[in-house]
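A, B, C and D label the chains in the order they appear, each numbered from 1.
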Amino acid sequence: MLLYLLVALLASWLAPYDPLEISGSPCESPGPDHLFGTNDFGQDLFSMLLLGSRATLLFGFLGACISAGLGTGLGVFSGFLGGRTDRVISGTLDVLMTIPQLPLLLVLSIYLRPGLYLLCGVMGLLGSLTQARIIRAKVLSLSTENFVYAAKGLGLSDFHIMFRYILPSVFPLTFVKFLFGAQHYMLLGVGLSFLGLGDPEIVDWGQMLHQVYSGGGFALGLWNWFLPPCFAMVGLSFSLSLLGYSLEPWLSPQLRHEKQAFFECD
Amino acid sequence: MVLEIGNRYILRRFFSGLLAFLLSITLTFFLLRSLPGDYMTDLLLEIGRYAPPELVASFKHEVGLDLPLPEQYLLYLTGILKGNWGHSFEYGLPVFSLIREKLYWTLVLLLPSSLLSAGLGMGFGAYSGWKNGSKTDAFLLHSLVFVGAVPSYCWGFAGLFIFSFRLGLLPFGGYVSLPGTEPAGLFRHALLPVLTLTLCSVPGIYYLMRNSMLDTLGEDYILAARARGFSESRILFQHALPNSILPVLTMTSLHCAHMLAGSVFIETIFAWPGLGLLTYSALETHDLPLLQGIFLVDTLLIIIANLTADLLYPLIDPRIRSRIRGE
Amino acid sequence: MELIEIKSLKVTFPTEAGLVRSVDCVDLQLGAREKLGLIGETGSGKSVLAHATLRLLQPDALCEGEILYQGRNLLDCTPTELRRLRGRELALIPQNPSRALNPLQTVGKQLFETLRQAGYSKKEAVAKMPELLRSVGAIDPDSWAKAYPHECSGGMCERIVIALSLAFSPSLLLADEPTKGLDSLNRARIITLLGEVTENRALLFITHDLEAAALLCTRLALMYAGELVELGDKAAVFENPLHPYTRGLLFALPARGMQPIPGRSPPLTALPDGCRFHSRCPEAIARCRSQHPPLFDTGNGHFCRCWLYV
Amino acid sequence: MLEVKDLTVCFRTGLSIDKNRKHSFWAVDRVSFSMKKGEALGLVGESGSGKTSLGLALLQLIRPTSGSVRFCGTELTALDGRALREIRPRIQPLFQDPTSSLNPCMRIGASLEEALKLKAPLSKEEARTRALKLMELVELEPGLYSRYPFQLSGGQNQRSALARALALEPDLLVADEPTSGLDVSVQAQVLGLLQKLRKKWGLTLLFISHDLEVVKKMCDRVAVMHAGKLVELGKTEEVFKNPKHPCTKSLLFPNLEVGPIPSKRNSSMAATVTPDEKGFSVFSVLSFLKEKFKPCKKRMPPEPGWENENRNEEMVEISREHWVLIPSGFSFSD
């Protein structure tokens, strides 16, 4: 994971060529000049790969940030305040959730193109619906816990309770969802630009795949063209999901406290 | 049984589904009309360049563009309910019939792969949870986490590369529906896309099922059943399995519905003549009416999947049933 | 011959914080039709003892010693043999009755399954069900059989769980805190019921409810920090408690003055040297701090683990 | 100091749109009582009799459906938002499950300091010393200051919860079965502490429990609840020595056999309250009372609007400060 971030940050120094510049002859095989060869325009694939990581990572984390942040906020508000606020918010969520995300994105992308980042925002917004639902369910079960009652009994303000009591308790959940969200959005972002919806000015892995597909690299079996972005993506997504899964036990306090509980009761 | 869950509950579910559908329709309507670069204006401008203004006006009148917005909306709404979903730019055909034809081919892919992935995911998940801590469990968990981390299009590429390109066992795709096509050909063409779709949705279901199984096994009634001397297989099938499937059910139906979205990538890669490929070509040609039609169909399918899960749930879980009755 | 004989049983769990010694060298005998009350605080290892007897502990638990049931060591039994013993001979009434029932099946279905498991034919099982439910105090067995567990109150679940454990007519009943969380009315009902159903069988009654144990049992065993500290006839223990812990527990009862025992029990990972109770004991002597006392026989089958009775 | 009048808490079971009474469940039904300063009132009843709901309604943690709660002259049910928040520190709850009543993400010390800062703005140092002082007061070792609630035992947590409540120097403490989850010896510790503090601080205590022995030990007066209603109220010794209402009797002498007649009113709640467990229902009580008490000559007309016959009941003072619920139209006869 760290490796990916590092690569993304240092991409401009590491890349031997400008990815948009034509630096060699078309469809060169891998060699010392061009580590992974070149594409049908003669652009250096290695540089494209390195620089592409930037857009992909940014896309994923931006989307996840929006969805986790907004979703948690909405979920906490809706779950904690209850009553009419909750009914309105959760009712709206229920209805909005049935709208399929990808087709909507596709429709919107025609309008918003080539604003991939705008799309990413929309995606985050849509993702926050699911997030809000999950958080809300958690907050609802938390709100009936004694400690929230006790906090109300102390005379603490609602906002104080939300920040000091509810938020820390849902934070692990939010964080793990954030990681999975990042993974999901990266794949989705790459997928979208694979479908040719990307910004032609920005290089990302999906675009590379798109070029492979439309440029005939696939039919020619030029593995050096499409395998690197595939592997890069798989590696990134795998590391993110491993991180997420390994943090998942951290989610349930029972698991965290199980060992402790042994001493308390038999 | 259905009567037992109460008509009110069913009605309410239907109502919320309908609401979502109406919302999608409204959304597409406003996208169509109000955003800059909207296609009607473009179209009219284009016509206006060649056609006399009277013709433009009559066209406007025909399509209903000279009416006030609410009436336009109403017209659009009734049009959609009547099956008049507009005409595709690219194909020049009514969107509705175009989609109907392609939907069939998409379902040919979707149905087997949803059944397969639900079955495999639940089966592996249940087994993995039941044998928690064993080597099989660890192997399944790690391999499926990996499988889940690889995006569908990568699997598509890999499948094509290995089986079609290198081994030459299976066709590259591009199934053409000819009358009298023999089932073997259909099978050969559909095999890879179905497998790829399945591969992508198994890990999600598997993981949910495994967690749910682990939770269930920690419950007291499993311990109590053991204390009563029930055999392990009986505990698994009578107690552990039904209880652990419950929370997975809703997610599975949603998962299957969302496979529809995933099929865009798969069908594109395998050149399968279904909705996904249609979407791709619509995207390339910016065929908006078609895209909106596809969007509506997708919404409808997801709503149906949701509804199925909602109606299935109370049939299985008595707790939900009595809560509904309480309402 | 004794029905069940536990010989120097040790149960340990490896955890990150160290080895948890839940049950440490416990010796117990229980004759047929004898009713023994096992009393101890939370964390004293009484439930672990019960689960160990049925071999229902998690796989990572280590059991040493012997549990002889009619001369047969349960710790050596194969899973199949154990399954045949569980329910049929040794029945457990688990803690938290409402969670010990499968939420997706009606009470009747679960009873039916259990009766079938006990060897009844389908017809017999159907016929036996109302009888069994009536025996645990159901006035309208049909409506009980149709109910789902979530529709039953705590007391009702407790009765159903008792009915389930009686389906096999076992010779030993292990009741794990059956009166926990019940109000006085239900508590009285359950105690009466347990008394009725164990008339012809042995009962190991695990509780921290001293009064309930006094009502039901003939002998009492007290556990503290994983080991037995006092064992004797009910009358002897109640009227002449030997161990300072037993005395403390009795005086902590609201009806007997509600005098607290200072301090808290030691963690099971780091048990102190000497007597495990010495830091809370008002009568501790120097020896208590350094030497671990054995279980002394003070006569008349009254045992006590305390240096005061050497 | 505390005056409760006709307090009713009504839960709507499910989210039904029509407010039909059939869908409602009276957890607390027209309960009236009052408490003097420094007094300890025990509230007893079976599980499901509405004790906890009453406690929560007093604290305004669930808003009562109707009735009034006057605390030191202030009508609590009329308060809202800020005003309610300002009066809340004066009434503090103590819950049944102590571990869950403390914020799991906050150390014990931080929880105490938070409460202290609510009373008056304090510097960090000051808050710490005050918190440690509080911990000393409830006999907690200072080493627990930086521990999390899940690292503590039930008894220690209950004492921390008590310390937090005391940090606000409340006038009234509502303790809802504070020891029912604890072992006998720990219960004795916590209750002994509570008694000591009550004497020292002159706390008023509403003690909710189903353990009669404990109530006998802790309280000056005792109130008995059944099916949401207050059925008997009086001095502890008086009620224990001379119980009048059948519910009280059955609580005191649980062997009393009473037929399981299903309660009509609770039939919509069949899911949670079953005929058998509800034991003798309101109807059997009524028939019992009809045998015991002779009808008055002058019968009160039934209140219009209430279909349930058992609503025509009122508290009658049968001897000094000893109130029993009997059907109106009946008089006490010996």
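Here, a residue touches a chain if its C-beta (ideal position, glycine included) is under 8 Å from a C-beta of that chain, and two chains touch if they have at least 3 such contacts.
This is a predicted model, so every value here is computed, not measured.
Interface comparison, A-B versus B-C: the higher number of contacting C-beta pairs is recorded for A-B. Greatest Cα centroid separation from chain D: this falls to B.
Taking the mean of the C-alpha atoms as each chain's centre, chain B and chain C sit 53 Å apart.
The distance from the centre of chain A to the centre of chain B, each centre being the mean of the chain's C-alpha atoms, comes to 21 Å.
Among the residues of chain B, those touching two or more other chains are numbered 322. Shown for chain A are the residues that touch two or more other chains, namely 260, 264. Residues of chain D found to touch two or more other chains are 153-154, 271.
Residues 56, 59, 61, 85-89, 91-93, 95-97, 100-106, 114-115, 118, 150-151, 153-154, 161, 164, 168 of chain D are the ones touching chain A in the complex. Touching chain C in their complex are the following residues of chain B: 133, 219-221, 223-231, 234, 238-239, 242-243, 246, 316-319, 322.
Within the complex formed with chain B, the residues of chain A that make contact are 94-96, 98-104, 106-111, 183, 187, 190-191, 194-197, 209, 213, 218, 221, 223, 226, 230, 233-234, 237-238, 240-242, 245. Chain B meets chain A in the complex at residues 16-17, 19-20, 23-24, 27-28, 31, 35, 37, 145-146, 148-154, 157-158, 160-161, 165, 257-258, 260-262, 264-265, 268-269, 279-280, 283-284, 286, 288, 291-292, 294-295, 298-299, 301-303, 306. Chain contact summary for the complex, chain C toward chain B: residues 54, 56, 59, 83-88, 91-92, 94-96, 99-106, 113-114, 117, 148, 150-151, 161, 164-165, 167-168.
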